[in-house]
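In the two assemblies presented below, subunit A is common to both, partnered first by subunit B and then by subunit C.
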Partner chain A sequence: MIELTIFLVLMTLGYLVGQYAEKKHYQSIIEREKRLSGLTTVASRFPPPGKQHDQCLVLGSVVISVDYFKRFIAMLRNLFGGRITSYEALLDRARRESLLRMKEQAAKMGAEYVFNVKYETASISKGRQNTIGSVEVLAYGTALMRPRDEA
Partner chain B sequence: MLISNMEIIPGKQIQKHFGLVQGSSVRAKHVGRDIMASLKNIFGGELKGYTELLQESRDEAMDRMQQQAHAIGANAILNVRFSTSSVAQGAAEIYVYGTAVILE
Partner chain C sequence: MKFEYKEIPEGINVSQVHPLRELAVLLGGAVLIIAVAVYVLGLSAGFLARYIPFEMELELVSSFPIETQENAEIDAYLERVNAQVIKAMALPDEMKITLRYSSDDTVNAFATLGGNVVVFRGLLEKLPNENALAMLLAHEVAHVKHRDPIVSVSRGLTISALLSLVLGQSDLGVLGDTGLYTLLHFNREMESEADREALEAVYKIYGHTQGADDLFRIFQAYREEKGDDGGFEFLQTHPLDWKRINAIDSYADQHRWEIEGKTVPIPENIFAAMNASSESAKK
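Coming up: the complex of A and B.
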């Protein structure tokens, strides 16, 4: 009986707080994406020819965890198969957040472009019932500064 | 030392290749962070402790790679890649590698 109560309390807490946190996070992501939209990120491996840019490696990383409620839903999904939307949202948040952190670092250095952007994903809490749980995403690229003679 | 994850540097010639240099670092989190993280596992959201931990770990791995490149006399590392793997529960390995070169 006590176990059931704890489970229900965790479920409701996870649901309410998790939903609120996710909504707030998405709001902040969208707002910062708008602010940083002037800085172009390119996946191309080769820098624009001709100009001589100064460059620097920039990184952005984040570890995000899924809440109790969503983990339970995902566990149920594992029985029936199909799309696990709760994990899709988790990875989407992590990817966008890490890219934003990288862009913020690049913007601070006065970069014009970020070239050769790569993502790297790792699940950290491995070993616990085979669940993803929390995920780390690292985004990295080469920031190209405005050529000095042009400025 | 110039570190870049592109293969070429515009306007600069590579004079000499030294081959691969690498740095790695394995870290475990301490108990305080672990407790906070398991709390966060209920509510969801960013695990700041882990983000910091992995960042520190990544800085150290990059430091080691730079030292190695410095020791063999390179002045730049190109085509840098990162890789993360969890070796055991609660410990993560960060691995950084790249090509050490001399730029003119």
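Coming up: the complex of A and C.
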């Protein structure tokens, strides 16, 4: 009985807090994406021809953890198979947040473009049991800054 | 080449499913599957366990001694009542009932593996008459006759093996409770069956069923005194007391058994012996 109560409390807390955090995070992501929309970010490896830009590596990384509720749903999914929808939003947030952090860094350095943008994902718990399920998403690219003599 | 920003459309990489809906579907499915699996396994394990010979059950428990107090006077009295019960119930010869008296004040009695029946002083001294005692002993003997202890143990082992295999050490362990609640259903069925058989034995011994339901009234009064109203039947191993009283009353009615008659008192010297046994146990 006590175990069941603890479970229900954790599930309710996980659900309420997790949903609230997710909503807030998406609001902030959409707002910052608009703000940083002027900084062009592309996956292309070839910079625009003609201009000689200064180059610099920019990074954005985020570590994000799943709440109890989402983890429970994901574990149930392991029994039945199918899309783990509860993790989809989590990873979507992590990717967009890491890209935003990279763009923030590039913007501070006065970049005009960020080229050759790539993602890396790493699981921190590495499938061990009874640890916090969390992932790191790293976005990196080459920031192109207008040469000083041209400015 | 021109690079321009276009707003990204939302909701492509994220499935739009309400998390509570997802939980309801998954959890409902898992609970249903476990309940069905436990029910089927419980039925088959129970069915097979009845074929385990009684001698084997005796061997199984011979290595686990049950500690009780010897008390010649009480033991003799319990044996005398129990002999009537066994005769009335036509217990197979190979089933030997070993009665044990404990001076503990627990308000309970139970039957366990190997035909061992333990009666606690706490319950014994509350009994108003011998008829209630016969009902109590008959109920426990009925459990032995039906092979309920070995069936319960076999079911419990089979089901916990299944659950630990499927759910393992994961956080899904909470789903194991589903299996345990399904097990309780079998237990309640056993209790009702034992109640009916015990009532028949009481009727055969005394020619009426007066005093038989006193046993459950004692449990009811005791639980009320403790402030425990029985709670949800869903979570109990036994049927609720008032339901048991109603069930045996209607069972007696069905068979047109005499429900009124003179009850036999429990001899005074037994109460004195019980007091003495509790005093000596305290020392």
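By our rule, the second predicted complex is superposed on the first by the 143 of 151 C-alpha atoms of A that agree within 3 Å, B and C clash if a C-alpha of one lies under 4 Å from a C-alpha of the other, contacts with A are read in each partner's own complex, and residues count from 1 in each chain.
Note that in this section a residue touches a chain if its C-beta (ideal position, glycine included) is under 8 Å from a C-beta of that chain, and two chains touch if they have at least 3 such contacts.
Just so it is clear, the model here is predicted, and its values are computed rather than measured.
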item: Joint occupancy of subunit A by subunit B and subunit C, clash or fit; value: fit
item: Partner chain(s) touched by A:E33 [first = subunit B, second = subunit C, both, neither]; value: second
item: Apex subunit A: angle to the C-alpha centres of subunit B and subunit C, given in degrees as a multiple of 10; value: 110
item: Contacts of A:K51 with subunit B and subunit C, given as first, second, both or neither; value: first
item: Subunit B versus subunit C as contact partner of A:E136, first or second or both or neither; value: first
item: Which superposed partner A:F72 touches (first subunit B, second subunit C, both, neither); value: second
item: Partner chain in contact with A:S123 - subunit B first, subunit C second, else both or neither; value: first
item: First, second, both or neither for A:F80, with subunit B first and subunit C second; value: second
item: Greater subunit A contact set [subunit C / subunit B]; value: B
item: Minimum C-alpha separation between subunit B and subunit C after superposing on chain A, in Å; value: 13
item: Touching both subunit C and subunit B, counted on subunit A across the two superposed complexes; value: 48-49, 70-71
item: Residues of subunit C that touch subunit A when the two form their complex; value: 1, 3-5, 7-8, 10, 13-15, 17, 19-20, 22-23, 26-27, 29-30, 169-172, 174, 177, 235
item: Residues on subunit B engaged by subunit A in the complex (per definition of touch); value: 2-11, 37, 40-48, 50-51, 54-55, 58, 80-86, 88-89, 92
item: Parts of subunit A lying in touch with subunit C, wherever the complex brings them together; value: 1, 3-4, 7, 15, 19, 30, 33-34, 37-38, 40, 42, 48-49, 69-73, 75-77, 79-80, 83, 85-86, 88-89, 92, 113, 129-130
item: Subunit B contact footprint on subunit A (complex, rising order); value: 10, 13-14, 17-18, 21-22, 25, 45-53, 55-57, 59, 61-68, 70-71, 97, 115-116, 118, 120, 122-128, 133-134, 136, 138, 140-142
